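Labels A, B and C are assigned to the chains in the order they are written; within every chain, residues are numbered from 1.
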Amino acid sequence: MTASDQDANVPTAEGAAGALTASDGPAAAPLLEVDGLTVRLPVGGVKRAVLRDVSLTVRAGEAVGLVGESGSGKSMTARAIDRLLPGGAEVDGQIRCSGRDVSELAGADLRAFRTKVAMIFQDPRAHVNPVRRIGDFMTEAMRTNLGVPPRYAQMRALDMLAQVGIDDGERRMRQYPHELSGGMLQRVMIAAALLTDPRLLLADEPTTALDVTTQAEVMAILDELRREYGLAMLFITHDLELAAAICDRTVVMYAGQIVEVRSSELLHDDPLHPYTAALAAARPDIARTTARLRAIPGRPLSAFEAPADECAFAPRCPHASDACRAGVPGLTALDGGLSRCVRAAELRGQLTVSHE
Amino acid sequence: MLLASLLIASFVIFGALYLAPGNPISALSGGRALPASAMHVLEQRYHLNQPFLTQYWYWLDNALHGNLGLSITLQENVSSVIGARIWTTAGLVLYAALIILVIGIGSGIFAALRPGLADTSVLVSTAVSAAVPSFVAAIVLVLVFSVKLGWFPALGNGAGFWSSVQHFTLPAVALAFSSIAIVSRVTRAAVREESDREHVQTAISRGIPSRLLVRRHILRNAAIPIATVSGITIASLIAVAAVVETAFSLNGLGAYLVQAAESKDLAVVQGISLVLVAAFVLINALVDVLYAVLDPRVSLGSRAQ
Amino acid sequence: MRTASLLRGTGVAGMISAAVILAATILAIIGPFVAPYSPVLPNLNMTWVGPVGGHLLGFDFAGRDVLSRLMAGAQSSMLGPLAVVAGAMALGTVIAVVAAWRQGLADTVISSGLDILFAFPGILLAVLAAAVFGAGLTAASVALAIAYMPYVARVLRGAALKERGQPYVAALEVQGSSATSICLRHIVPNMLPLIVAQATIMFGWAMVDLAAISFLGLGVQPPAPNWGVMISENQPGILQGYPLPALSAGLCIVGVVIAFNVLGERLFQQAQAQQTRLQQPQVPQAQVRQRQAVAR
């Protein structure tokens, strides 16, 4: 269990944190580097791959979207970064934060790392302790890891509640989680995440569990606060358009691998991988009528279900050729982005969405 | 709800008099022949000439005022008989409750937090101890600790505090023995389940050290089912105490209840039953309150769900 | 066929328990007839004599062969719990299904009634019954059945409610099947694994409680052979240095109860596994587990 790694004597937040907040200038090392991450988990007693050779970087202040369907490994990546993988997980590859290898952190250093990297989870109701008050939830990390005096922690929490749009913060802090709506609870979770002064936010589908109107509100708040505090963010979602809307770059994952990395503005009109194009096409366009919704034939595979010696998307891809089945494609750089399609260059321009 | 339980229970206890074969007088006297004057006294005292519900009312009213009738066999007031023996039973139950809580909860937490050999051994031992009835545990304990090792006395109450503690130890262990199993199991299951919950992941992701994690998030949450089961288990000790008291010749309420049942001294049986059921209902009510206190999502009285 | 696969699913421990239970059942049926010596006739020359010759467990306080008395005692020791379980399960199932079916007011009334009945611990009710009706196995068994019934009803009510909510029930109702036939031919049979598991565990409890009542002298009356009675009547032997008679009776009780507990628990796990399997949409197992792993 990962929690036992963080037992140590006295938390020295300053020392370790210093390494994590090294100069944020453009020439400095990226804040987060994931390098060749491969994760195997015991599934039904056998160790199966869920992530295969995942590499990505997040620079300070940058928002990167991580998009994929179920089983693509997007949540797993975030958990690997925060060292929250389930027991029995085998990890290959490196995760570096400001140059330091995350897997080597222990004790006070690990706790300091977790202070600087805040995770926002998908279902707020399951992720907040139901028997403790909101005030306790929000101030816990501050009091424990940063040694902030309780009264000061309360003041900061109240201030943050106002910033996420919850008025009457005093009353809310005294309430229990079941007395708040899902949307409010998620705002509380966002507020709590920001209270420890993180440098990186890992947002794991923060609005998926909410209803549509609340989604928009919470997304707006998250985006606004992120920019205001200049935080980096890894935003995980299955919604391609949402990621493109609030992130500078978008990474698309399929079957535990990265299949495309592209700047968000170019993603929709000029995708570099058939899967991305298919995802975008599958979303119905409100401005058009169509006889039949476009779906991708077949179902999304996880890393261990996908064929191991060919392109994972080949069985479902309309553009598949023999070259695609010859071996696992590598990532090719193209127009400032990356694509794991063997035919990326030749398919360029033909992959645009058309709603006919 | 608890008042209703108590009321209905008292009704059943009282009504038992009428279920007995024969007429109420023979039931009260335990089938003995009585001189006419004694029968007359009984009729007066128990209002046997009045309708059933009126009698019930008189009985209940008397009971609430501490008058539970007369014991045929001992020729004493039932209330004073109860008063003399209640501390024995209470002491025994409390002692056993302490053992159950400390060992049961302790072993459950231990097994949950240290998987592997510790876990398996706790599981196996609870599986065995759950099957050992208190009177079997009683004879084994007496055999080992009293006869062979001579550490504890085998029978009787003892006089004075330390002597009483000595005398009550084996009985308390026998009483607690099979109940430890379920408390331990539920504790283990609850702690394990809480450890896997998502809100614990949140706390880990914020860097909360594991000592605090276990205390504030795992144990605090697991306390809800643990407290509920412990409470119910302790409440059930009240009935089983009778068996242990008989086995160890302790002069508690339970032992006397059994003797009265054998000699058909109905007034005593009714009186003691009422007291025991009241205690049982009271403890259950306390568990309800405890549950509402521990779990802010729950309002009083909804534990039944 | 289903029984065989059910048993196989309980693992080694479950199979051993089933074997023990089978042995005890056989003994219960033929015990009095195959006992080598008289289980009842006293022989005051042989009081407390230890194991010797053909008497593997020695003699009890009245000079009777302990082994024979144990074998004969199996009958009352197993029969009583059987009656208790049969009564409690039958009554409890009916009440649970009725409450689950009618729902609404009937359910509320029944549930409140059950809550009230919970106020009576089994042993207490049995003692009360003994005081009123006289000591004996019948009174005690009936009392215990009544005391256990609320628990059965509560557990089964939950399962019955789940079954009630299944789409096939609505379909049958629409087709015009009567409530009784749906309950008897569909709902109850689907609850069978749970019912069997509950009955098995309950047998263990009933055995302990009935033995306790016989131990107290309010159940089976001596000189009739019964494991609980044997412990009580041989108890003085422990203090005097002759523990074997009481201990061996105790061991019999513990052994059989462990068997019922272990088997009952395994059956319970199986019943629950079946419930969860039925409620998930038909997705291949591998994908389901992988999704669960990924979703964490």
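Simple rule for what comes next: a contact is a pair of C-beta atoms (placed from the backbone, for glycine too) under 8 Å apart; a residue touches a chain by one contact, two chains touch by 3 or more.
What you see is a predicted model; the values in this text were computed from it and never measured.
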| item | value |
| --- | --- |
| Chain whose mean Cα position lies farthest from chain C | A |
| Pair exhibiting more inter-chain C-beta contacts, A-B or B-C | B-C |
| Interchain centroid distance [CA atoms averaged], chain A/chain B, Å | 54 |
| Interchain centroid distance [CA atoms averaged], chain B/chain C, Å | 22 |
| Multi-partner residues of chain C (at least 2 other chains) | 296 |
| Residue numbers of chain B (touch at least two other chains) | 201 |
| Multi-partner residues of chain A (each touching 2 or more other chains) | none |
| Contact footprint of chain B on chain C as seen in their complex | 111-112, 115-116, 118-124, 127-128, 130-135, 204, 208, 211-212, 215-218, 228, 231-232, 235, 238-239, 241, 243, 246-247, 250, 253-254, 257-258, 261-262, 296 |
| Chain A partner contacts - residues on chain B that touch it in the complex | 195, 197-199, 201-213, 216-217, 220-221, 224, 294-297 |
| Complex interface listing, chain B residues touching chain C | 1, 4-6, 8-9, 12-13, 16-17, 19-21, 27, 127-128, 130-136, 139-140, 142-143, 146-147, 154, 178, 201, 235-236, 238-240, 242-243, 246-247, 257-258, 260-262, 264-266, 269, 273, 276-277, 280-281, 284, 304 |
| Chain B partner contacts - residues on chain A that touch it in the complex | 1-4, 6-8, 82, 84, 110-115, 118-119, 121, 123, 126-132, 140-141, 144-145, 176, 178, 189, 196 |
